[in-house]
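Here come two complexes built around chain A, the first alongside chain B, the second alongside chain C.
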Partner chain A sequence: MARYLAARILQGLVTLLAVSVVVFVLSRLSGDPLTLIMDPMSTKADLARELARLGLDRSYPEQYAIFLLNALHGDFGQSIFFKRGAFEVFLEKLPATLELGGTAMAVSILIAIPVGVLSAVHQGGWFDRIARLAALTGQSAPVFWIGLVLILLFSVTLGWLPTAGRGSWRNLVLPAITLGWYGNAFLMRITRSAMLDVLDTDYVKLARLEGLAERRVIWKHAFKNAATSIVTTLGLMSISLVTGAVVTETVFAWPGVGRLTVDAIFQRDFPVVQAAVILIAVMVVAVNLAVDVVYAWIDPRVRFG
Partner chain B sequence: MPWGSALILLAALAGALLAPWLAPYDPDQVDVLHRFTPPFWLDGGSVEHLLGSDDLGRDLLSRLLFGGRVSMLVAVVCVSSDAMLGTLIGMLAGYLGGWVDAALMRVADVMLALPYLLIALVVVSVLGASLVNVVVIIVALRWAGLARIVRGETLGIKQRDYVALARVGGVGRAGILLRHVLPNVMNSVIVVSTLGVGTVILFESALSFLGVGVPPPTATWGGMVADGRGSIGSAWWVSLFPGLAITAVCLACNLLGDWLREVFDPKSMRA
Partner chain C sequence: MAGSEVTRPLLEVENLRVELATRSGLVHAVDGVSFHLEAGETLGIVGESGCGKTMTALALQRMLPRPGGRIAGGAIRLGGEDLLAKSEAEMRDIRGRDMAMILQDPMSSLNPVMSIGAQVAEPIRAHQRPTRDGLHAAVLRMLDAVRIPSPAARAGDYPHQMSGGMRQRVVGAIALSCRPRLLIADEPTTALDVTIQAQYLALLKDLQRDTGVAMILITHDFGIVAKMCDRVAVMYAGRIVETADVRTLFDRPAHPYTRALLEALPSMEQRSARLMVIDGQPPDLRAPPSGCRFAPRCTLATTACLAEYPAATTLSPGHVAHCIRAGAP
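Then we have the complex of A and B:
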């Protein structure tokens, strides 16, 4: 178990290192950062002093080391747009995204897992067919368009829910459904196929022969064993939630880190972009690590292997 | 065979290929006197603009046809490039093993764990939005999934007797990979690639929607949905039709991919 987790942690760190290199290289490609922060009237001497202060006169490997060290201390530089620390700006917007992502994830789990299990149990029946087609359609529709269609239906036509912003629970409904949409379809399909595999095994057949109630066979015997694939899927979903959040927050003007990143890109506010991309990658890696721990805990083959 | 899906894909492909001949208008032709014309079956609509017009009075049907070209082109180029790259890397990793395998698969793991839309956003914002950049980024971010699957299958094929015999018979590495491994991994490559078409179309449209895809005024389906965002309350058709087009094409690819998967291999790829 320790060996397995050590390997996972190492891989997470390598991923983060890769992201930091990509961001660093791009930040140097995006043009001279000094042109953005310096007074156009400054002299050559001013420039040289500023270059030395920011460490931009050193070699690229040295610059990268400084960048990494600063990042570890939560220092991503000053936001050009907000005139404050980029890290601070990111932290301010984080709760909104966690609220949205958490709700979307909860909605997905509550809907997709029961539907996936029922679908597998009644394989080939009408419930299964409708659920599968719905899931496939869900996976095929673009998230941003689903958001707009929901706005058209529930805000414009019916007038039930607000179109944008954050505040009461009413603001949360449409964005959470939109963000949960894709993950829902994905999770339902994985749950179904994992359950089908397990329902086909001898111990489930044996449990049935022993005369256990069908309900008990499905949830106690089969579902427990299908859970490993489902948990892994939840980790993968965290990546698609990040992607979805960028788009969903743009559609609903939700004041979270996804919209912050998109805005920062258009405002050429590179310190904020750097901070956002690296910190979001940290979150994705952390969620995946948590999933690996849960995975090891459920599956004895991993725990003792 | 899911005929409906095949028909939708054929229609979309034909529409994209024949756009210059089928489209009633130049897709970028602005006509401010006929802004937000509704589709022909609604009050105020006319057969001159069958699906209506957008905020600049551009004909939606024409833009839909031309927009399909971008989606199809990006999908075909990206998916075939990723198929080649993923198959090559997967076969090399699986067959050569050792440090080559370890190195390639670590890179693949990193690629799979990246928040890819964010990376794409940053890259495009720095290098500039263009068709080529969009394609390069999608290809670079997507090969790893297929490479992992192909590697797994290659590991199995490597143990087979016919591969051992070929090796004893003096067939070189390249010969074995091309003649014995490649034909046996093709099924998975085809299934994964078919399913990938939908994903790539969704990804490209998301980039266009966010404004970092193929730049305007070129019509793209994702960009068209974005164009209609501000007028969703009054002129819903501007966003609705391109979104329907994306959904229909992706759904057709997914249904076709699922069908192929069952035909080729009913058991092994279900997860």
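Then we have the complex of A and C:
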């Protein structure tokens, strides 16, 4: 178990190191930031001084080492646009994204997993048919379109919920549904197919032959075995809720990291872009690590393997 | 027999019919099977794959594959009680408590994410409402009964940490944990190594002696039948063609199919002789022939065999064969 975890953590660190190299290289390839920062009228001497101040006159390996060391201390440089620490800017926007993603995720778990399990148990029945149709629609409709339709229906026509912005729970409803829509459909389908596989096994048959209550057969014997695929999907989803929030945050003017990153790219605010990419990568690695830990907790073959 | 009280057999199966709805049509998987089983007795059900052995076993527990499988007719009585009249909830009480089953493949019969102790505890918890300590003690007792070394240490182990033979012992412990009256073992040793097979069969036999459980042993192996069974029913294409006690069946097989099966066994006396094979294939059970089902493959068949299914001929008490030539010189 300890060795398993150590291997996973090491893998995560290697991934993060690779991401930092990519970010560093790309940010040097995307044009000269000095032309953005500097006054167009500045002299060569000004330029040289600024280069030295930012450390851009050093060799690339040196620059990378400094970049990495600073990043480890949470220092990603000053945002060109906000004139504040890029890390600080990112952290400011993070709670909004986590709130939205967390709500979307909770809704998905509460709806998609039970629906998927029920669908599998009543395979081919009316409930299964309706659920599958709903999932198909959910996966086919583009996110921005769902967002707009929801706004049109619930905000413009019915006037029940606000169209945009962040504030009370009422602001959260539409963006959370929009963001969770695709993941919900995906999670339901994965849960259903994982359960179908497990329900067909000999050990589930044997559990029924032991005279166990159907509820226990489904949740204790079948679901726990289907849970590994479900957890993997949840991991993928939670990542896509952060990275894929861009569209939803744009449609609903939600002040999260998705919009921050897109804006920063267009404003060539490269310290913020670097901070966002690396910190999102850290989150992705952390989620994957969490998924691996949950695997081990669920499946003894991983734990003792 | 009128007037005298006769103790009823533990299990009575009369004219059982099982149908499976498949994409390619309705399969008459079991088509009029009758047999009985006394308490503590072992009945072997022998036949080739697809003859309806497993479907018969599942039908006894009303656990036919869903959707598609159904009991189309007949009667099943356990201890005199009509199982086909029971509700699903009543059947759940009977399964695991009064009758239990051992499946063929120990590698897939155990839940990979539950410790073996927890799995042995499941039926006990479901049927006996034990105390926590009582449950733990009962689990260890069962693991010990199936001769799992140092049960207390191994109860927390998971299936993947055990060999196939050990896993099948755990399946046996699960099956016998509530002291059922009837144990159905569906090819319990087919997936095991030959040396482990003998060990496992000996274990089953000891457990049967200790608990008095009656056993239906489904197999295609006459060696196992000879070692384990009191009586045998030979199945072919959804029907029982011959029933007899083991001695009689080996000594005086009456049905040509039984004889052919026995001749297909290698023997020490005729090592140089070629093994007999039965030409042809079993009939299509979507449209079974109206006459004797073995007639198309039978070397002794006449046109009379194709006319209608042969009635039962009783050759001696307990020895019944469905062949028009049975008993004829």
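Following the convention adopted for this analysis, the second predicted complex is superposed on the first by the 304 of 305 C-alpha atoms of A that agree within 3 Å, B and C clash if a C-alpha of one lies under 4 Å from a C-alpha of the other, contacts with A are read in each partner's own complex, and residues count from 1 in each chain.
Please note the rule applied: contacts are C-beta pairs under 8 Å (C-beta built on N, C-alpha and C of every residue); 3 or more make two chains touch, one makes a residue touch a chain.
These numbers were taken from a predicted model, which means no experiment stands behind them.
**Q** Under the superposition described at the top, does placing chain B and chain C together on chain A give a clash or a fit?
**A** In the arrangement built by aligning on chain A, the partners chain C and chain B fit side by side.
**Q** Using the touch definition from the top, say if A:K224 reaches chain B (first), chain C (second), both or neither.
**A** The second partner, chain C, only.
**Q** According to the stated criteria, A:A18 is in contact with first (chain B), second (chain C), both, or neither; which is it?
**A** first
**Q** Measure off the angle at the C-alpha centre of chain A toward the C-alpha centres of chain B and chain C in the combined model, and quote it in steps of 10°.
**A** 80
**Q** If you stack the two complexes on chain A, which partner ends up touching A:A52: first (chain B), second (chain C), both, or neither?
**A** Neither partner.
**Q** Taking the superposition as given, does A:V247 touch the first partner, chain B, the second, chain C, both, or neither?
**A** Touch partner of A:V247: chain B, not chain C.
**Q** On the A-aligned overlay, A:A65 touches which partner chain: chain B = first, chain C = second, or both, or neither?
**A** Neither chain B nor chain C is touched by A:A65.
**Q** In the superposed arrangement, which partner chain does A:A6 touch: chain B (first), chain C (second), both, or neither?
**A** neither
**Q** After the superposition on A, what does A:Y203 contact: first (chain B), second (chain C), both or neither?
**A** second
**Q** Which partner, once the models are overlaid, touches more of chain A's residues, chain C or chain B?
**A** The partner with more contacted residues on chain A is B.
**Q** Just how close are chain B and chain C at their nearest CA atoms in the overlay, in Å?
**A** After superposing on chain A, chain B and chain C come no closer than 15 Å at C-alpha.
**Q** For the complex, which residues does chain B have touching chain A?
**A** Within the complex, chain B contacts chain A at residues 106, 109-110, 113-119, 121-123, 125-127, 198, 202, 205-206, 209-212, 222, 225-226, 228-229, 232-233, 236, 239-240, 242-243, 246-247, 250-251, 253-255, 258, 270-271.
**Q** Which residues of chain C touch chain A in the complex?
**A** My answer: residues 61, 63, 67, 91-97, 100-101, 103, 105, 108-115, 122-123, 126-127, 158, 160-161, 171, 174.
**Q** Can you list the chain A residues touching chain B in their complex?
**A** 11-12, 14-15, 18-19, 22-23, 26-27, 29-30, 136-137, 139-145, 148-149, 151-152, 156, 190, 193-194, 196-197, 229, 239, 242-243, 246-247, 250-251, 261-262, 265-266, 273, 276-277, 280-281, 284-285, 288
**Q** Which of the residues in chain A come into contact with chain C in the complex?
**A** 124, 201-203, 205-213, 216, 221, 224-225, 298-301, 304
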